[in-house]
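The structure appears below as structure tokens.
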Amino acid sequence: MAKSTGLIRQVFFNGCLVPEHEAKISIYDSALMFGDMVFEMTRSYGGKQFKLKEHIDRLYTGLKILRIPLTMTPFEMEKACYETMEANQHLFLEDDEHRLMIDVTRGLLGIYQNIEGAEPGPNVLIADFPLRWTVSKMSILFKEGINCVITNQRVIPSDLMDPKIKNRSRLFYLMANIEASAYKGSNNWALMLDTDGFIAEGTGCNFFIVKDGVIITPEGRNILRGISREYVMRELCVELSIPCIEKNIEAFDVYTADEAFVTGTPFSMLPVTSLSGVQIGNGEVGPVFKTLLKQWSSNVGTDIEGQIESWDSDHMVSCAQDAPTPYSFKSPSTS
Amino acid sequence: MAKSTGLIRQVFFNGCLVPEHEAKISIYDSALMFGDMVFEMTRSYGGKQFKLKEHIDRLYTGLKILRIPLTMTPFEMEKACYETMEANQHLFLEDDEHRLMIDVTRGLLGIYQNIEGAEPGPNVLIADFPLRWTVSKMSILFKEGINCVITNQRVIPSDLMDPKIKNRSRLFYLMANIEASAYKGSNNWALMLDTDGFIAEGTGCNFFIVKDGVIITPEGRNILRGISREYVMRELCVELSIPCIEKNIEAFDVYTADEAFVTGTPFSMLPVTSLSGVQIGNGEVGPVFKTLLKQWSSNVGTDIEGQIESWDSDHMVSCAQDAPTPYSFKSPSTS
Amino acid sequence: MAKSTGLIRQVFFNGCLVPEHEAKISIYDSALMFGDMVFEMTRSYGGKQFKLKEHIDRLYTGLKILRIPLTMTPFEMEKACYETMEANQHLFLEDDEHRLMIDVTRGLLGIYQNIEGAEPGPNVLIADFPLRWTVSKMSILFKEGINCVITNQRVIPSDLMDPKIKNRSRLFYLMANIEASAYKGSNNWALMLDTDGFIAEGTGCNFFIVKDGVIITPEGRNILRGISREYVMRELCVELSIPCIEKNIEAFDVYTADEAFVTGTPFSMLPVTSLSGVQIGNGEVGPVFKTLLKQWSSNVGTDIEGQIESWDSDHMVSCAQDAPTPYSFKSPSTS
Amino acid sequence: MAKSTGLIRQVFFNGCLVPEHEAKISIYDSALMFGDMVFEMTRSYGGKQFKLKEHIDRLYTGLKILRIPLTMTPFEMEKACYETMEANQHLFLEDDEHRLMIDVTRGLLGIYQNIEGAEPGPNVLIADFPLRWTVSKMSILFKEGINCVITNQRVIPSDLMDPKIKNRSRLFYLMANIEASAYKGSNNWALMLDTDGFIAEGTGCNFFIVKDGVIITPEGRNILRGISREYVMRELCVELSIPCIEKNIEAFDVYTADEAFVTGTPFSMLPVTSLSGVQIGNGEVGPVFKTLLKQWSSNVGTDIEGQIESWDSDHMVSCAQDAPTPYSFKSPSTS
Amino acid sequence: MAKSTGLIRQVFFNGCLVPEHEAKISIYDSALMFGDMVFEMTRSYGGKQFKLKEHIDRLYTGLKILRIPLTMTPFEMEKACYETMEANQHLFLEDDEHRLMIDVTRGLLGIYQNIEGAEPGPNVLIADFPLRWTVSKMSILFKEGINCVITNQRVIPSDLMDPKIKNRSRLFYLMANIEASAYKGSNNWALMLDTDGFIAEGTGCNFFIVKDGVIITPEGRNILRGISREYVMRELCVELSIPCIEKNIEAFDVYTADEAFVTGTPFSMLPVTSLSGVQIGNGEVGPVFKTLLKQWSSNVGTDIEGQIESWDSDHMVSCAQDAPTPYSFKSPSTS
Amino acid sequence: MAKSTGLIRQVFFNGCLVPEHEAKISIYDSALMFGDMVFEMTRSYGGKQFKLKEHIDRLYTGLKILRIPLTMTPFEMEKACYETMEANQHLFLEDDEHRLMIDVTRGLLGIYQNIEGAEPGPNVLIADFPLRWTVSKMSILFKEGINCVITNQRVIPSDLMDPKIKNRSRLFYLMANIEASAYKGSNNWALMLDTDGFIAEGTGCNFFIVKDGVIITPEGRNILRGISREYVMRELCVELSIPCIEKNIEAFDVYTADEAFVTGTPFSMLPVTSLSGVQIGNGEVGPVFKTLLKQWSSNVGTDIEGQIESWDSDHMVSCAQDAPTPYSFKSPSTS
């Protein structure tokens, strides 16, 4: 793969590098026709990718279940990730972290494969951009905590469309975000129930409570089983000897919890200090959260909260005006 | 809008025309991030668009509910459709029909809007390609009829993600198609139940039965309310004085029906002659179906079945090797 | 029944009149133990009770199904209502209307019946107070319309606790109101779905849409079948020759409606001009609503909107600080 | 708080003591309008309150989730309980136990707050009466055991109205009792399933089975998590080294259990010897039940069964004619 | 088919006549292995079979959906029915009616087909016995009416096992009967809800209510669509100009109905005068019921009620000791 | 019981022995009327019955819950099994194993008990036939593994009809088999979900996966709790120190498992190597399966796979033409 020398970030596209603004998917691709795409989004700490292998494994699980016939191997995928980062490294600031977005599409639907100049697919794209885009506005959340609001929008049950496959048919995430945006106050993030009435997940994060010294997170059924979720459960909690279990929980359990928090790749962890305006515990960022975040920071050699705070204070990225929601969106009132 | 003079089909893209293979969506677009796109697919009869206004109305209903802040008016949208067709007309054969695909995306997520060269959106794309791509392999179905198979995959209930908004978060359609492709025999199309156990829809078509002279189609709840479905119900049946009602139906009702058929824009109507291998009525294409199709053909001045048959016989389009399923897909066994 | 001569409103209590502040229920009454009370709330127009017989009929239906062994007959109940109003008449302003609240409780639980001074029950209470308390702050809603918000709180299915019996186990109404109070903006009223995802009712009102000249209201299953709802359906619409049907409807149907409104005894009808912030029709009070309200006003000889406006403008009743929600409540942030 | 000297039991009411028959709630209180009340019912053993702090904690959890803005602290609440008992002590027999009922209501709805003489609320009431009222007729159940009947009435799912908040919107409890009262034979108590078909709870008691030496009780989702239930699980079973787990159970598990029993504050524990007429185990009171009850009696220094038997034999309380059901009610056939 | 001359009733068995006590199914037959049998039960009026063709049609619908490969035609089936009756005629009393039971089994499972002397199947059996067996104890019900009790046992949803196919996997009917038998009083028949909480059917009868002059019966989804139900809806009501509709109904609708009744082949119609002990209408047999029964009697030339009464009064058949339940069963307490 | 000396296998029938082809159930028996029969099917290893006591215990659990008043004791039942085998022993080949089928029916419905020559019941039948009938065609499955297909047919929830009672109302098993038979390829077995979307069971087998060294099988709710399932969980896994847990699993868990297998009495265990055509693990028979089967074979002194292979190779039983499905059936296309 030829090394990029340009001034514009490059995106891996089926073995080539293309400028970021040309990283596009044909409108005839199954990805756009059906939301039929498997993807991953990763990050680095101190420039080193975190749990990249785990992300790639999850990607290939999705490909297998969706029967997307990708011939590229996981090893080749990993190699391509590193090459993409290398090609863009000169465009990153010294304090930047690399956020990778790996997209795999099934490719053109059969009936569109004669289109001139079209690649049949499957298609693999790997984008590499500064993590600060995503998180620079979140530093306040480490201090004030999120107010989760339980939306009327519920998650789709896994037997209808499995959230454990990280796919792009997630319009309901966006609908939940729209709903949360109508609430008074700030720091509101959508928290969705499943159709059994159990807490499922946020629109891009996993949810945890702490009760009597035990960390509890919803069973891995109607959620994306996040890599950060796994890291907290299987590594941080083991290191710190904090018991951590998976269990169906309800709003009641959140109201009566001592602490709550969410996990997600870009920000690692964020505290949740209230549910629908009712404070959780004493309404402040809790000690278990702090202990976990400190250990995580130590493990990856990065002051996670401090780094995000530093990105926020220099105001370099002005576009993310609505970043405190997990994924911002445009709607009539904001356009 | 400048007239295209090239040899390649052009796609309308936010007011410009671009070559078809450049009709692409940024990977940072909400359309790819969330399956967050509203779309329509139309067709012409004898070169004249059929129910274009109705398609555009439905498109704008979806935009409204999803809060996509499109400033382009329905009138401008319609005009753009006609200009796109005009631009491509010289590339169509005389016996071709125009299939339009109108895509509207919300555009780049907020955090990605600083990407160099990126258009913030919303984005409007109008593609125009020969209808024969989609339907040329379907002529046998007019004669033999479809064997519907009820898949384990059920539709997503409308209160979780509303199918009445024609959107792109439809991975479950693809899963149903994969399931149907595992059945013995040919002409198998997936027919999905809703979570109440009622017949909902195919993966791209509406379903009807005929019983004792009455045409019955599922209530318009957990389905896309197809333009062709509306045409049959509100126009053809009125013209022909055939009673037509919306009603929850079950597999039992299909097994005991006199006839069954599906409707869809590209093929108008196709007969369904068996359900999971058990013949419906006498297992042949029924008289009500024939009457409706004849009237439809007459109304639009096109021998609908004959036209598709003619496209099939000259084998001009070889790509659509798997056309008899409503939307073909690539999977490990076919790649 | 002795005529009251005092300065304080009197409440009918098992055949006697007691001062309003002594109209209380024992904490040992099944009404407080189980929410086990059947009730009605009525109003007058021009001093004349509206549909009192229908209210009393509904009350007795509830008593029958709950097996509350009341010996008082419907005729005696009606008589008691009139006597109660007569007793209080001198305390009402000339432009006041009478709002009656009829409560019937089963009485003391068996194990508490030896309490000294306690009446075993069943108990019948009829309170009579100025309607302006309830509605004086609603006049703005006739002009601006309500913004309905679909809450996460859904109604309890009728096979678990039947809303068609007007009972007092309705804590979930209050929870929906709390939820709606957290939304930005004003004029927000909770609109609840049933567990099938259909629009059910507000917390004290029935919901209607108007589409293509037809008035549609949810089927009478998971709702209280309001007397006002019946009046619109069976009388006003008949008088005005407007077709009116009961049908399961969803949010989609509201978004695509021409108009929407709610009915409730105290205010008769109020327009709904948006759903979760998205305008319905052109976002203004619609012509069908206006026609119905005008006819209703004419039928009862009262300018319904004008009367409420007059009560609002003279600011005589300062207590109803939060009246624009259907039933106000106290919560930590307002106390 | 002034000491009562009268001959009538006194009830704590917002800091004052009022005679029991004046312990009443205004009909304009949210408690009667919506079943919007949080409450607790406790008991003493040997005159000493049992788990009073745990009851008060649960009370305040409910207040928090329902957003009832009570300013009284848990400590003040506890103090008020003791003062109330002290005020009534002289009215209790030597062998009596104190049953406290703590009620907290939100108070008058906003629109009714101008009523003369009305207290706005929230209101706190603490009643204190002899436990024998509730349990004197239950002594036969310690010997014969309860026959649980699974009613058609199911519990309301916790995401619609959470039973873990001890509230007064429980008309469905009463409906289940009515249903159970129609069964042949005696000793019939209603046992309700949740909407998933799992055993939930009785109408005022928690359910347990014993199988192969393990005590099993339904998960704490769709039930009130009883203080007695907690005591059995977290204290008695630990003391006695009997494994005890929470697990979804079904009728099948009850039919095949070795023993079954219920727990509830007034009676502590009662054996269940049959389900819908089919005997559980050998149909007699089981050894695990006896062991637990013996330990409980020992821990509280009271012969629990003997005490109830003594209350029954002297027939002092004649009102509780229908006590063997958990909560008696009046209906047409018994009035 | 040879004419039977014996003294014992003969049963048609695959073209032969066998004595009734030899009309048996092999334990290796799919009918016993899976409850895999389609059947019909008919009756005569005045010796003439009623709606035999309709019964046979329904039988063949079931065979088709279950894919039972019967080669015998409906015409041959009808002929066999008549021949069977003819063979048994001499054993019937003059005032007897013929109850036919037609059973069709798939036959031996494949792995058992080598059993010596076994017929592979499918098997057709037609039994012919006196209707009085079934109904002689029901005459009291024409006078007193049935008390329907809503059982906890609900019907199986049609998408799991379709009740519209009259099959033998109906253990849940028996469970409902056992449940109903535990109720106090007499004349109790089980009435089952479906899993949506709507009234479905009895265990062998269809349910109707009468409200404001309209006859209403549950939609034909989760029920057997009885031949008698069809006769009432499509013939009797048409003759008598009584409007009759299919509609989802609930317990509430029954409690508030003017009348209720059930239909079933052996007894034609029976009044339902109470629901769970609460009287329907005035608690007496209603005028609409009487009108329908009179017309039915007239149409078939038989005094339906009188005939059953005559069978009861002469006490000729002593076996039917428990006939007032729709289908009697043996259980520990009755054996 | 008199010893049989004949040439035909004998079946135990209420204390007598009857020839196999006369082992039949009256069409008036509740077993045929309602699918109201409890049964067991066992096998021997090396001629010695395996877990016969456990089978009989499960049988009596079913009898208890269904209230079938059988007076025969479990001990007598066991004795009858041995006597039946002894009576047939001379008809078995040396390498045969005994498959017992124990059927218990409630007997004739009350209204049919006067039929001449009929036994009232309950009836007990014990058949004894060569196991090879059932399994001889399954030897290929030990090598290639089963392809499980998830059918649209789901299991009936246990609160509607409990699968833990081994009963004969299982028409839905047959429907699932018909559905699976329509799939391309061979070795397809139906795997049913429950209505919550969890994997339940096959039509005659329990399902297991192996993941990271742990064996996981669905919770025992909506399944028959197979004796072989218990043996694997409670004995084999203990002996081999392989952790084995019960847990709700989904299709996702199967796709991502290392191995999968089913258990069932006739074949003990069979490997599952793919799910709906997607290979599980590496798509080959896995080491955990092999270890378990080896231990099982060792424990019972029988080479389980080898024995089945030997029965297949000598082709003595030609009837089982469709044996690779769990229970073969006849349908129009195969008759």
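Labels for the chains are A, B, C, D, E and F, by order of writing; each one numbers its residues from 1.
In this text, a contact is a pair of C-beta atoms (placed from the backbone, for glycine too) under 8 Å apart; a residue touches a chain by one contact, two chains touch by 3 or more.
Quick caveat, the model's predicted, so the values are computed rather than measured.
**Student:** In how few steps can one go from subunit C to subunit F if every step must land on a touching chain?
**Tutor:** 2
**Student:** If you check the contacts of subunit A and subunit F, which chains show up for both?
**Tutor:** Of all the chains present, those in contact with both subunit A and subunit F are B, D.
**Student:** If you walk from chain to touching chain, how few steps can bring you from subunit B to subunit D?
**Tutor:** Shortest path length, in steps: 2.
**Student:** As a test of understanding: of all chains, whose mean C-alpha position lies farthest from that of subunit D?
**Tutor:** B
**Student:** Which option, A-D, C-D or B-F, should count as the same interface as A-F once over half of the contact pairs match?
**Tutor:** The A-F interface is reproduced by A-D.
**Student:** Averaging only over C-alpha atoms, locate the centres of subunit D and subunit F and give their separation in whole Å.
**Tutor:** Result: the chain centres lie 46 Å from each other.
**Student:** Which whole number of Å gives the spacing of the CA centres of subunit A and subunit E?
**Tutor:** That pair's centroid distance is 60 Å.
**Student:** Compute the distance, rounded to whole Å, between the mean C-alpha positions of subunit E and subunit F.
**Tutor:** 33
**Student:** Of all residues in subunit D, which are in touch with two or more distinct other chains?
**Tutor:** Answer for subunit D, listing residues that touch two or more other chains: 67, 160, 193.
**Student:** Write out all the pairs of touching chains, ordered by chain label.
**Tutor:** A-B, A-C, A-D, A-F, B-C, B-E, B-F, C-D, C-E, D-E, D-F, E-F
**Student:** So in the complex, which bits of subunit F are touching subunit B?
**Tutor:** Within the complex, subunit F contacts subunit B at residues 149-152, 179, 182-184, 193, 276-277, 333.
**Student:** Which subunit F residues qualify as touching subunit E in the complex?
**Tutor:** 8, 11, 19-21, 23-28, 30-37, 66-69, 101, 103, 106-107, 109-118, 120-122, 125, 127, 129, 133-134, 153-156, 160-161, 167-175, 178, 195, 317-323, 327-332, 334-335
**Student:** List the residues on subunit B that touch subunit E in their complex, please.
**Tutor:** 193, 196-197, 248, 250-252, 255-256, 278
**Student:** Under the stated contact criterion, what part of subunit A meets subunit F in this complex?
**Tutor:** Counting only subunit A, the residues touching subunit F are 61, 64-65, 67, 157-160, 162, 164-165, 221.
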